[in-house]
Amino acid sequence: MALNILLKLEKDLQKFPGIGQRLARKLAIYLLTRDKEENIKFIEDLKEIETKIFRCKECFALIESGKICGFCSNPYRENRILVLQNIEDYLLLSENKIFEGYYHILNGLISPLRGITPDMLSIDKLIDRIEKRKIVEIIFALPGTNDGIITTLYIKNQLKEKFPNLIFSKIAEGIPYGSGISEISIQTILTSLKNRENIQ
Amino acid sequence: MALNILLKLEKDLQKFPGIGQRLARKLAIYLLTRDKEENIKFIEDLKEIETKIFRCKECFALIESGKICGFCSNPYRENRILVLQNIEDYLLLSENKIFEGYYHILNGLISPLRGITPDMLSIDKLIDRIEKRKIVEIIFALPGTNDGIITTLYIKNQLKEKFPNLIFSKIAEGIPYGSGISEISIQTILTSLKNRENIQ
Amino acid sequence: MALNILLKLEKDLQKFPGIGQRLARKLAIYLLTRDKEENIKFIEDLKEIETKIFRCKECFALIESGKICGFCSNPYRENRILVLQNIEDYLLLSENKIFEGYYHILNGLISPLRGITPDMLSIDKLIDRIEKRKIVEIIFALPGTNDGIITTLYIKNQLKEKFPNLIFSKIAEGIPYGSGISEISIQTILTSLKNRENIQ
Amino acid sequence: MALNILLKLEKDLQKFPGIGQRLARKLAIYLLTRDKEENIKFIEDLKEIETKIFRCKECFALIESGKICGFCSNPYRENRILVLQNIEDYLLLSENKIFEGYYHILNGLISPLRGITPDMLSIDKLIDRIEKRKIVEIIFALPGTNDGIITTLYIKNQLKEKFPNLIFSKIAEGIPYGSGISEISIQTILTSLKNRENIQ
């Protein structure tokens, strides 16, 4: 007695990140059988996404009103830009207030294997912001994967031509706080040895 | 820059079975940033639950139209009832067509620890069905946990008074197909030894 | 500076069940660097295996002295034999005293895929014991895998010809104590429904 | 029928790192039942540890002959010392040839909680080597845990008094190669941002 609506919900839920076939079935049954009020509330929250959520015209962060976010509308922040891959990384860093400059969300990484080309990312917008904000440094905080490295190099090369005095940097590779040596790849150990810091 | 709608979605999603804090955050961001069309489609499917999904008035299975399900509207099935805990178990068994009688979904298990009492389950409806359908056997397929055992015994005792000729049975305890002896609890080994089957 | 002895120990330890390459390295370093007394004690215990451990001539259990084990030297146990795959299963069952008859350890399972033939198991010895002990029932407690099923059928057919009045049984297949329905394969649910037990 | 020797082996094996009660039982049965030749070979290898394995008098690496290891007997290596916690880390680094100087194994970390005091480590020997080898830099490659940090600071302070011109450094903290931002603690992200490297 397979139900159409059960199959449709399972299909919807299997698109979600981290949800496989088994969990999708469990969640679909949960949605089908829980209190009506809970689903009404959930639908209301989903509807709000369309009406109340926008992307900042500068950095592509999520905002609930206006055209630019709180950071981008503040002219007194440091004139550096921290380049991030996605909203998830942005939320983690901005919530923890670890940076005094501006953020820029790329909305992905260049990936030859997955067919993601530079024009699919927010690189043009980044170029606009450098001039406008008199930016002196671009800091890349992209993942240390092949796609992350390719994206860092591509953007750096593009910008270097246009802004020869701009400083480019990337967050340090090394041993994460709390890790033992033998949990880390040899490549990272080698880098962390080469880039060792003096202790006073 | 925490967003209200992000926090609301995270809260919604943390109620879902099998979704913890980290995954709820990831899913909330996914819902906030994916294509508008995907959310509209998902909202439509969620709305259908309220308008197109009902519970069978007899066995409590999910149905998409009418008042009783395909099994319960068929008078030619065997006059036995298989008692199940929830929709999930029902879907697994009914999809695999392993039973020729009627199903009955309790909507939970009696649980002194979690404060679930017999009146919160569909036991009254089960009693109605026995008379109406001339049922000869009640088969319990409840989990072999304390709550499952308590529920089996409670319902059996209730029914035995009313229907002294009714047969009561429960699915066999034993070693699951494919398991080795040392993966199974001593209690199950003891039962499976006591209930050993002859081989011809 | 790879050490010969480190490599030799790693190779030894990788043969142990459940020990992979990484753990073998960790254990080898542990053995190389721990207190001398601990290794001397461990070597003594390993040496004892050769001088103090024998197999029972009847059931193949491990014994520390004599030729037959405590069970096999007791003529008053029930005249049934429980057939087991290996020492591990034997220890689990005999320590928990769940059976009043005699045990028989096959030392493996017939396995066409892995090239294990009936003559590699202790089947001849089992035949001897049936006559000698006036055994009335052979109970198979082998795993519910293909190899387990093949072994059960082969031995039953062999014995049936020689001892037409012998009863053959196997421990019940079913849902293990504590499991929910949806954790179990459909095949086991089907068997446990077919073999359901009456409740009084 | 619990066997003394089985219990003794289980007790021996439970001391091994990464081996719990269940695996200890499995391994003990394996040792009790496998071919005699395999145990004889294993005992021979264990005996070799006592007769053929020594610690280098300088750096405490494992060696198979002589008094000092191949690195310490080579006067042409760089006059820097890489300080490591244990043999495991030493083997990983030395096998991968990522360092041109000398190694020094501390044989543990200072740990107030576990009662490990500086005199239990090979710090005195390290002091001797600095003078003798005309060492110019001490590089700490200890884990980034509290114990690792305490040990680094304690040794640095001890040595700084004795050798005011010695350079002290530690391997860089940061994001390991291949990791995404959201897999790393905020503390490490903060450090990796502060210590960001210029890209040319």
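Order as written gives the chain letters A, B, C and D; numbering starts at 1 within each chain.
To be clear about the criterion, contacts are C-beta pairs under 8 Å (C-beta built on N, C-alpha and C of every residue); 3 or more make two chains touch, one makes a residue touch a chain.
Owing to the predicted nature of the structure, the values given are computational and were not obtained by experimental measurement.
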Given chain C and chain D, the chains that contact each of them: none
Residue-number overlap at the chain B/chain C interface, same or different (half cut): same
For chain B paired with chain D, centre-to-centre distance based on mean C-alpha positions, whole Å: 54
Mean-CA-position distance for chain C and chain B (Å): 37
Whole-Å gap separating chain A and chain B, where each centre is the average of the chain's CA atoms: 40
Per-residue multi-chain contacts in chain D, two or more chains: 88
Category of the chain touch graph - line, ring, star, complete, other: ring
Chain-chain contacts as defined at top: A-B, A-D, B-C, C-D
Partner chain C, residues of chain D touching it in the complex: 1-6, 8-9, 12, 15-19, 23, 25-27, 29-33, 36, 38-43, 45-50, 52-53, 61-64, 69-71, 87-88, 91, 94-95
In the complex, chain C residues that touch chain B: 82, 84-85, 88-89, 92-93, 96, 98-99, 139-141, 143-145, 152, 156, 167-182, 184-193, 195-199
